[in-house]
Structure formats: C-alpha cells, structure tokens
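Next up, some structures in structure tokens.
Note that chain A is present in both complexes that follow, paired respectively with chain B and with chain C.
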Partner chain A sequence: MSGSELALARDEAVWHPRLRARKITGAVFVGLCVLSVALGVAMLAALVIDVSLDGAARLFSAPEFSPSARYSGYALAVIAVLVLLFRLLERRGVRLDGALHPAGLGALTTVGLSRQLPFALPWWVATTIALRIPRALGRLPWIVLAMLLLTWAVYLFLDQTFLTSFASRIPDRAGIYAPLIGTLYMMAITAAVAFPLGVGAAIYLEEYARQNWFSKMIQINIANLAGVPSIVYGLLGLQLFVRAMELERSVLAGALTMALLVMPIIIVSAQEALRAVPPSMREGAYALGATRWQVVWSSVLPFAFGGTLTGTILALSRAIGETAPILVIGGLTFIAFLPESPTDSFTILPIQIFNWVSRPQEDFQLIAAAGIILLLLVLLLMNSAAIILRQRTRVRW
Partner chain B sequence: MAARQSAPQGTSLREICVGLWRDRLNPSRGGTGRETPLGHAVHLLLFLSATLGALVTVGIVFVLIFETVEFFGVIGLGTFFGDTVWSPLIAVFNETTGELESRFGIWALIWGTVLVAAIAVVVAVPVGLLAAIFLSEYAPPRLHAVLKPVLEVLAGVPTVVYGYFALLFVTPIVQDLLPATTIFNALSAGIVMGVMIIPMISSLSEDAFSAVPQSLREGSYAMGATRMETALRVILPAALSGVIASIILATSRAIGETMIVTVAAGQNPNFLASPLEAIQTMTAFIVQVSLGDTPAGSIEARTLFAVAMTLFVMTLAMNLIATYVRGRFREQYE
Partner chain C sequence: MAEPGTSGQKAGGVVTIAPDERPDLETPRDEPAAERRGSDLFEEIEDARGAVRHELDAEIALELRGLSVFYGSFMALDSVSFDVPKQEVTALIGPSGCGKSTLLRCFNRMNDLIPTARMEGSIMFEGRNLLDAGIDSVGIRRRIGMVFQKPNPFPKSIFANVAFGPKINGYKGDMPALVEESLRRAALWDEVKDDLDKSALALSGGQQQRLCIARAIAVQPEIILMDEPASALDPVATLKIEDLMRELAEDYTIIVVTHNMQQAARVSSYTAFLLAGEERTGRLVEFGPTQEIFTNPTDRRTEDYITGRYG
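On to the complex of A and B.
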C-alpha cells in the first residue's frame, strides 16, 4: 500500500458513518451533562439574585446619611477591593510600582471620591498600612482584614433600623431584632447541649464500645435518625419538652429540640474525625502506660478536635435554617421583646421570614427577602469558618 | 482497634452485662485497662450519651404510637384509609350520610405529598444523574473542585428560602407559561423541591461512580467505546445500586420536606388534584394545625400524630429500602 492509500484508509476509518454518529451522540451527551450542571448553578444564581434584588431595598435604604459616613464607606470598599487585587496580582508574579502601586491608586481614588483633603489623608495612610500589613503577616490575616473592611463598608450602608427594630404591622418599621437575638440565644444553648453529648457518644462508639448488638443498634439508630423528617422532631419536642417537662414554648424547649435534631449529624462527623486518627497514636500512648481515658484525652482528641468542631459548625448551620420543628413547638407568635431567660418565649429568623412570606402584602414579602439575605449571610459566615477551620486543623498522617 | 477484634460476641443483654463487668479492667478483652476513678466516671458518661442517641428513636416512636393509638380508638382505621376527603378541622357535607361532619380520609394528604415528591423526582433525577456523570467522568479536577461545592450549596439553603423562591419567583413564571395555574400550586413547589434534592442525587451517585474501579473504564476504552458509551453502559450499571439508593433517599427527603410546600403549595387537601392546583401535604397539614389553637388531647390535635406517624412510616421504610438496596445489590470488586 502506498502512502496515499494508507491516508485514505485512515480517513475512512475516522469518518466511517457509524463512528461519526457515535461521536456526535457523545458530543450531544456531554452537552446535556454540562447543561444540567449549568442548570443547577443557574438556579442557585437565580435564587441569590432574586432575593438580593427584593431585599436590598429594605436592607440598604438609608434615609439619613452623613457625608463622612458615606465617604468612609466608599473608601473602605475601595481599599478592600484593592487589597484583594494587590494580593491576586502579587501571587501571579506581577510587580506594581510607582503610580500604579495600589497604595497610590487607593489614595487617588479616595481623594477623587471624597473631594476633601481631610478625609483623603487618613485614608491614604490607612490604604498604605492596609496594603503593607498583609505582606508581613501572611495569608490568613489578609483574608480576615479584607473581610472586616468589607463588613464595615457594608455596615455603613446598612439601614440599621432593620436590624434594631422589633416586628411591626407597618412594613417600614418592621425589623428583625427579636428573631436575630432569639436565634443566637437558642443556638448557643443548642450547641452547649448537643456538642458534649454528640462528641461523647462518638467517643463511646469509636473508642470504648465493643462490636455487639448494642453498639450496632445504636449505630443503625443514628444512621436512621438522620433521615427522619425534621417536623417529626418538632412533635417529639412538643410532647417531651413543651408538655411533659412543662417548659412551655420557651427558648429552652426549642434549643433542646434542635439539639436532638443535630445530635446524629454531630455524632457521625465526630466518628469520622476519630476514625481518621491512626491506631499507632493510641498504641504509642498505651505503651507508655496510659489508661484508656488518658489515651483518648491526650492522644486522640487533640487530633480529632478540628474535624469534630467543623462537623459541629456545619450541623449548627443546618439547624439555623430549620423552621418546621420550632414552628410545631413554638407556634407563630408576634414577639416584640427579647428573651431574657431560657424560659421566655421567643422567635427565630426562619420563622419570622415565614411569617412575612405568608402575608399577602407585597411590602412584607420584600422584608422577608431582607431577612433571607441576613440568614444567608449568617450561613455563609458559619460555613466559611468551618472551611477555614478544616484547612487549618487538617493533619496529614 | 485491636481490642475490638478480640472482644467476645455477646448474644443476650445479660451476657453482655456480665461480660462488661468481668472484662472491665482487661484491655485485651475490650475493658478499659488500668483505670482511674475519673476514667470510670467518664466511661459511664460517654456510655450514657451514646444511649441517649438510641433513646431519641425510642422517644419518637413512643410519642407517635401513643397518640396515634388514641386517635384510632376514636376514628378507626377504616375511616382513615377508606375515605378520600380530608377535613378534620371544619365540618363538610358528606354525600353518603347527608350530614355535616369532619372527614378523616388520609388519601387526600398522601396524594398531595406524593404528587409534589413525584414532580421533584422527575426534575431532580435526570439533572442530578447527568451532573454526577459530568462531575465524575468528564470534569477536569480543577473544575470539579469548583462545581461540586457550588452544587452542594443548593442542599444547604434553608427550606423557607426555597419556599420564598417558589412562591415569588417560580410561580409567576409557571403562571405565564400555563395560565390555568393558581397562585398556590403543586408544580412550582415540586420544581423547587427538585432543585433542593439535586445535590443529594448528584453527590451520592458521584460517590457510587467513583467507587467503580478504574480498570473497568480502561477496559471499555480499550474496546473502542466512546466516553458516553463507557459512562452509560459500563459505569452506570456497575454503580446502579448506589444510584438507586440515592434516588430513594432523595425521594424520602422530598416527602418529609415541610416549608417549601407550606409556603408555595397551599392548604387545600384535594384527592386527585392536578399539579396546577393547590394541594396540601402531610407536613403542611402538621404546620397548619400547629399554627392554630387546637387544645391538646382533642381529636384535632391527635390527627397531627396520626398524620406524622404515616409520614414517619413512609420515610423510615424508604430509608431502610435504600440501605438494603445499597448493601444487597452492590457489585463487589477486588
């Protein structure tokens, strides 16, 4: 066969009609796959954008705004963005000098925005310092600094009446103070109850329990508890805490119900963290004559603590968004005061959001969106904390 | 752990208690070894917290059964499962008896629940499976590292937020496309619930796909198969048990979901209602009663527990089936 015949045969093989059809089908299939991933991401984007557009009006409609507050807000936002940009460029190996130096740019921008030297000067100093500190301290302080600056900038633009007002029948005066404090109060008690119990159960199952029907039963139980609808926990809390223990519709009853809800999640994640500690750590400690509890306390827990804490934060962030169980035990009440003791009645963020969503007036639905933004911000904060914690406490064996 | 392997296999509670006591100081039999009083106290405390985990299930079952038995003492299983009209709080006209009375036909609520869950599954299964195939078979590692957490955020969004999204974003769009749709309808609640369970199907299925050994893929490519043929005819059948388990678990999650349906699907228990009409699910009914002022101990308050029992049995059965499927039909490699 000559060279040209070979090439012809190869072309025929490549462009054989059936092979071509198969390749086209394959391409269409990849398209479908990409489309479905894109659909999921698009849904998330649509949700975030929809909520932000609806909620921003109430959250950021600042009626009286002093010029200095506005300028410092602008300046802080600019500095935060510049800090991020500077680090990004620096990591890519780009050197910025002279007039292009971000510090100089920051000062220029602040002067341009404020048109007032008294404001521009301190910000020029702040910019310079802000851009120098991260270089000296490494990566994490830089992230924290940028986050703090951004938070501060956002805070200056916030309509603070939304955060500090109680519920109201007038949409413009309705605020989210009581549910915000209620959520924090309830989650603090939930964490205080669920963390020790969950971690204790995990330690027992991983370090103490023997392979018998009792530990197997507990294990199966915990696996199944994770699949029980959250509203069923609400009914358990209603009968057990609200009625049998006569806690009424209090913070304590809500917190204990939530603790039961998050305990299985905490147990499972703590078990995973304990399992990741290699047996040689335990054997080494036993060889030195340590008792079992000493082994667990000094050679296992320190290395499993990061993973355990991460799992707990993630479990609590799930509990913060749960509405149904508290709705069942607490009812939908109009609360215009703060809970002062664990036996006071209370409301939480998702319930207040539900209350606003289910009202017919459109104004209240927009306020619900503002509440949702707040809730999502809290969740974002908790999840970032968990991710940072996981990365910083990860131990490679 | 070494101690665990050498531990005796107990059969009865008494044998285990005797064994625990006898071996409490013997490390090679699973005991604590040399132990301080503090160590023993800690051991007891840890044991008690583990027991509490098991007691939660006992508590749930006990609470539900107790009130449900009281309920069926008055209403009767025949009425509960033999009627299709659900109106326990308001008396309605009964055609057969010709009287105004409360009706307790659970099928109206089951219809609503199953309808919404079915719509959710129809939305989530194709999207979730294709996304899982993309992530496990096509996506380069860096894209995978970005896309997977983004998809999982969908599962972390609070459900009341999804309810808002369904009512104020999806419903207007659905109404534009299908003008017969009412404000509260099963369709938009179902679609949004589908979005919520996409990450459940995609990440559990992806775990199943990546558990399939690399040699199967390589064998398939060596035979001249394209990537799609490998994914659909080799990887998918090999991981089928995990995929089916993920779908069942996601369905069970959809059945137990509360806030989306409470906000967006309405409060009208309606047997054989179309997806474009308002319906009521079991969970939404529980919320409706909880928001009202039904006195504890009344028959209305007890319907709550009968409905919750039905819900609990359905989700528990599905979770057990999922566990069984994953264990029983798993393809064994190596």
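On to the complex of A and C.
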C-alpha cells in the first residue's frame, strides 16, 4: 500500500459532478434523436399520402389524365408488386442479390434492349458491382475485372480534357466536369444531413426508446423504407422540397431527397453496429457512474463507429448511382456551369450519361461509356474505402 | 467462541481462518443451534422475515430491510434483511441461481437497467433509502463501485481505462497522480507503469481484473461490489485478487459474491448464505461472522452447503 494519499483524498473541491450539465446535454441529444425519428415518421406519412392517395386517384378514378400518366401509375404499381414479391421471397430465404434483384433485372433489360455493347456492358457491370453480386466470385475475377476496366478507362481517358470540360454539342469537346462536381457537391450535403440524423435515430431506437408497439412500428417502417423504389423518393422530394419548401431544382433539394433515400439504410446498419457492442462494455461504464448519454458517447459509439461508417458509405455509394429521384426533381441534362451555392441548379453523373446515351451519334455513346466507367470508379473507390475503414476500426474484444 | 458441534468440526477441517484478523464478535443467540433444526425450520424462516438476523458490533455501511426483487412476475429475492458492516469484506455465498448476483446488483441499482426489474423493501445508505425513486442512480454508482465476473476493460489504453471514471465524473485534479494511486492500490502499478499507453486488452486475465478494480477505485467509491471477481482466473491470479480484497477492506466496504467457499472463508469477515427454494426464489438463510458461519452454523442448510452436500 503506497502512502501517497494526495490524489485519493476525498476532496469535494476537486470533484465537480456537473450533473446538471450532463443532464442538459443528454436532453438536447435525446431531443435531436426524437426529432430525427419524427422526421422518419413524417417521411413515411408523406410517402403514404403521395403514393396511396395521389397515385391511386390517378390509377383508378381519373379518366381525364393522359395515357402516359396512367401508364406511369401502372408502372409504379407493377414495381410495388414486384418489390413486395421479392421481399416475400427474401423472407422465405431465397437470395435475390445481383442479377435477380429488381435493379439487376432492370440492368439486364437494358443490356437486352441495347445493341451498343460499349455502354451496355459497363452499365450492367456497374449495377451488379453496386449490388455486390461478385461477393460469391472470390478475389481473382475481381482483380481481372478491375484490370480490364482500368485499361478501358485509361484508353477512354486518353483525351485528358474529358474530366475538365463542360457538356457540348460537339462530341470531341464534350466533358463530364459539371456532373462530376455536381455529384460530389450533392453527395457531400447528403452525407452531412443523412449521417447525423440516421445515426441519431439509430441511437435513439437502440439505446433510449422503450420497447412498445410504437417503437416496433417505427422499426418495421424503417426496414420497409429501405426497400422502397427510389423513384418514389423522387416524387416525395419533388412535392416536399421542390414545391412545398420552394427550394426549386437546386443541389439542396436533390441532396435532401437523396438523404431521405439513404437514411433508412444508415439507420439499419447503425443499429446493427450498436447491437454488436458487448453488454459488458455498457455495464462497465454504467458501474462507474456514467449517465446514459455518457455510456453511449464514450463507451458504445467509439466501438460501433466503424460499422456505422461502413454502412453509411455503402448507402452513399448506392445513392451516387441513383438517377430516378434526381430526374423527377429536375436535375438538368445540359449545363455549362458549376453549381456555386446549394441553391443553384445542377446535374449528376447518371443523368449526364443518360443524356449522352439517348443521342443518336455513335461518338456520344462512347463518351457515355467513359462516363459510366467514371461512375464505376467512384463506386469502387467508395466501396474500397468502406472495406478499409471496417478493417482499421475493427475492435478486438 | 461457541460450543463446537459436529458441524463445526466438519467445516473446520475444510477452511482455515486466521483468528487474529477477525474482530472478536461475541453475538448473543436466542437459542442453541441444536434446537433450531427440525421440521419447523421453514416456518421459522418465514417468521423471521424482515427481522435482522445478526446484531452487528461493527459500524454499518448498508442496512437491508425486507428487500425483495421481482423480474416481471417472477420473485427473484424474498425479504432479505441484514446489515453490511463498514470496511470489512462481506461474502455472499450460495448455489447457482439463489439470487446472489441479483442482490449485489441492488446495491448500485444496476437492476434498473433491466426494464422488468422491480425492487421492494429498503437499503439504507447514510440515512437514505437507495431504492427511493428520487435517488440519483448515477450518483450512487459513483459511490458504490462494481467489479464484474469477466474482466471487462474498455478497448482503450491502460491509462484511459483508469481515467475513464474520474473523467466522466468531472474530476479536475491531477489525473496522472490519481491513475498512479489507483493502480498502486490495485497492486498493478509495478507491472504496467512503463506501458500505460498500451491497450488494456494486451494484459493477462488477472491483470485485466486488477485493472478493473483500479478503474473502480479511481472514482473513490465507499463501497466496492465484486461479482465473482476471480472465477475466470487461474489460482495465482485468484490469490492476488484475494490479497487485494483484504488490503482494500482497510479503506473500503467490500461485498463479494463467490461460488468458492474457501475464498469466502479466506477473505471475508462476514458471510451471508442465500438459498433458493423449488420456485427459484432466493432467501437469506443465515448471516453472521464468517468464522461462525463456517465453524458453527445455526442453520442445517448452511452446514449442508458448506460441507458440500448441496449441488
């Protein structure tokens, strides 16, 4: 037993419990969490209203609507039925990754419909990689694939101006500068909005919410929102951000819509990560006199952070390839300027690719292929970043 | 002390207690041990609910009166009453599932973390009932620390582990000095003083458990609860933890749950024996100075347990 009683002497002047401050911090945090969950519920309500009421009215009881409006309604219904069917199959244990997934099927259809291999193939590859189909393939095919794509990319990027030029009517001058910057700009705002709200909602649901029918309902709804087709989020964003909040066709409107799209995925993955923290860590912190907020902040979050970040990056890499919501919101297809503030109009990679693809000239379709590879490379980069982060932040118990 | 009966001889052969370390506590008993045994034993236990089993001469740290714990509709503990002496080691013994850990977790309100748990009765600590709704359970956990069965250091550095508690409690003093002092008290300083920045997970199991004890000491609790602190450790590490418990008892009140009766005999001054009936509800069978419990128990079931006749 050592004699130095200096540090251990019970001197109340040295100990400041700061209980009140801690409680206030906790209350603010819980408030934020409740707010984000409320936002999720509002999101759901808006979806229900937007799709059920509006969509159903157009589908069944409005002959004055044009045939095209009707057909889009039918298409929505078919997509909804398909998604339900796939979810049902998934419940029964049938794996629907990759090519069998609705999006994969869409990509296959594209391949089938097109006679232009240069853009059809990378499109399909990009989609399947985004859906992580090669998980079953092992490592070697991955490497071969990456080498092939890189070679292709180098070949297409031989013209260095491709990355730094704006769109143009003349294929030789057309570049991908504006959509690339637009995509990065939008994704930055999306991440800044979706990450704190999503993680906050996950923390609230896992650590604070009582287990009752209400929290269970929120839980089920969030899981289901993760499976809602992205075009529906586009419709929601159009009504909510572009019209109701009068954000116009801005980067901000697009980013917020994308944030809604990825938030369910972020919430679910963050919840998984929080559940993986062993209970002994929580107990250890509680036993030292930590408040619930301190337990979450200093003992749970640091160890769930890696998993949360991985989930977030994977969700964002899904969002980066999404075209439908931005099409609905009104991302431009041809701009010769950069968005300078969040309220400027913008375009993103997939829309630019879509624009090029739909042109008759052979040259533009080659440029589209180059754009697809760029998109693919961004995706690969983000997914690799997720894998590296997961490895580096893994905690040994 | 008391007349050595047959039970005393049996138990005495198993355990060794250094008499000079034990306070001389001559406790008056209302009736001889032999007369207490028999068929009306259970009725007597029923009658004795809410009553203190043993008058303590020592200062009292915690006063339990009629403490019952429920998990939903299941009664895990039924009317436990006894006094925990100050600055002594008190052992809670009994077979698995008798409610020892449940009882221990009442003292620092860890049962609050289980949504269905409910507690009745009272635990008086410095004149206040720990089970009152108005009591700040966070503040209680700072004054009543806990060490768990499995060493659970945070995956941080050794220094950060010890500093965690003081930091979250707003300690403004000299942190390195506090960490050093806590590690010294936990008899770990000499082994880790050069590796304070290394991960706590690199330590051996026994060192990790002593680190957890240092972590608990660092917030300057008055009482330290230990839930089978040595059950996951080898004999050498166990011995170190036991030495540590005896040393710490000079400054802290220690309550230890243990399956190991020799350990209870070696380290504790007082022992509470709990037993669960067929409905799995735990009850206090006997509480008293360890020496008496082990050499001359008043209850036949205590004797049976100590001599190894229970599972």
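Everything that follows uses one rule, which is that the second predicted complex is superposed on the first by the 235 of 397 C-alpha atoms of A that agree within 3 Å, B and C clash if a C-alpha of one lies under 4 Å from a C-alpha of the other, contacts with A are read in each partner's own complex, and residues count from 1 in each chain.
Here is the rule we go by: contacts are C-beta pairs under 8 Å (C-beta built on N, C-alpha and C of every residue); 3 or more make two chains touch, one makes a residue touch a chain.
Remember, predicted model here, so these are calculated numbers, not experimental data.
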Touching partner for A:Met263 - first (chain B), second (chain C), both, neither: first
Which superposed partner A:Phe303 touches (first chain B, second chain C, both, neither): second
Partner chain(s) touched by A:Leu288 [first = chain B, second = chain C, both, neither]: second
Touching partner for A:Ile170 - first (chain B), second (chain C), both, neither: neither
Chain A residues touched - chain C or chain B, whichever exceeds: B
First (chain B), second (chain C), both or neither touched by A:Ser280: second
Chain B versus chain C as contact partner of A:Met217, first or second or both or neither: first
Residues of chain A at both interfaces, chain B in one complex, chain C in the other: 210-211, 282-283, 286, 289, 291, 294
Chain C partner contacts - residues on chain A that touch it in the complex: 1-2, 4-8, 10-11, 14-19, 210-211, 278, 280-291, 294, 298-299, 303, 395-397
Complex contact set, residues of chain A against chain B: 22-23, 25-26, 29-30, 32-37, 39-41, 43-44, 46-47, 50-51, 54, 196-198, 200-201, 203-205, 207-215, 217-218, 221-225, 227-236, 238-240, 243, 260, 263-264, 267, 279, 282-283, 286, 289, 291-294, 317-318, 320-324, 327-328, 331-332, 350, 353-354, 357-358, 365, 368-369, 372, 375-376, 379, 383
Touch list for chain C against partner chain A, complex: 108, 110, 113, 115, 136, 138-143, 145-146, 148, 150, 152-155, 164-165, 168-174, 177-178, 180-182, 184-185, 189, 201, 212, 215-217, 219-220, 247, 250
Complex interface listing, chain B residues touching chain A: 1-4, 7-11, 13, 16, 27, 30, 32-36, 38-39, 42-43, 45-54, 56-57, 59-60, 63-64, 67, 126-128, 130-131, 133-135, 138, 147, 150-151, 153-154, 156-165, 167-169, 195, 198-199, 202, 226-229, 231-232, 249, 252-253, 255-259, 262-263, 283, 286-287, 290-291, 296, 304-305, 308, 311-312, 315-316, 318-320, 323
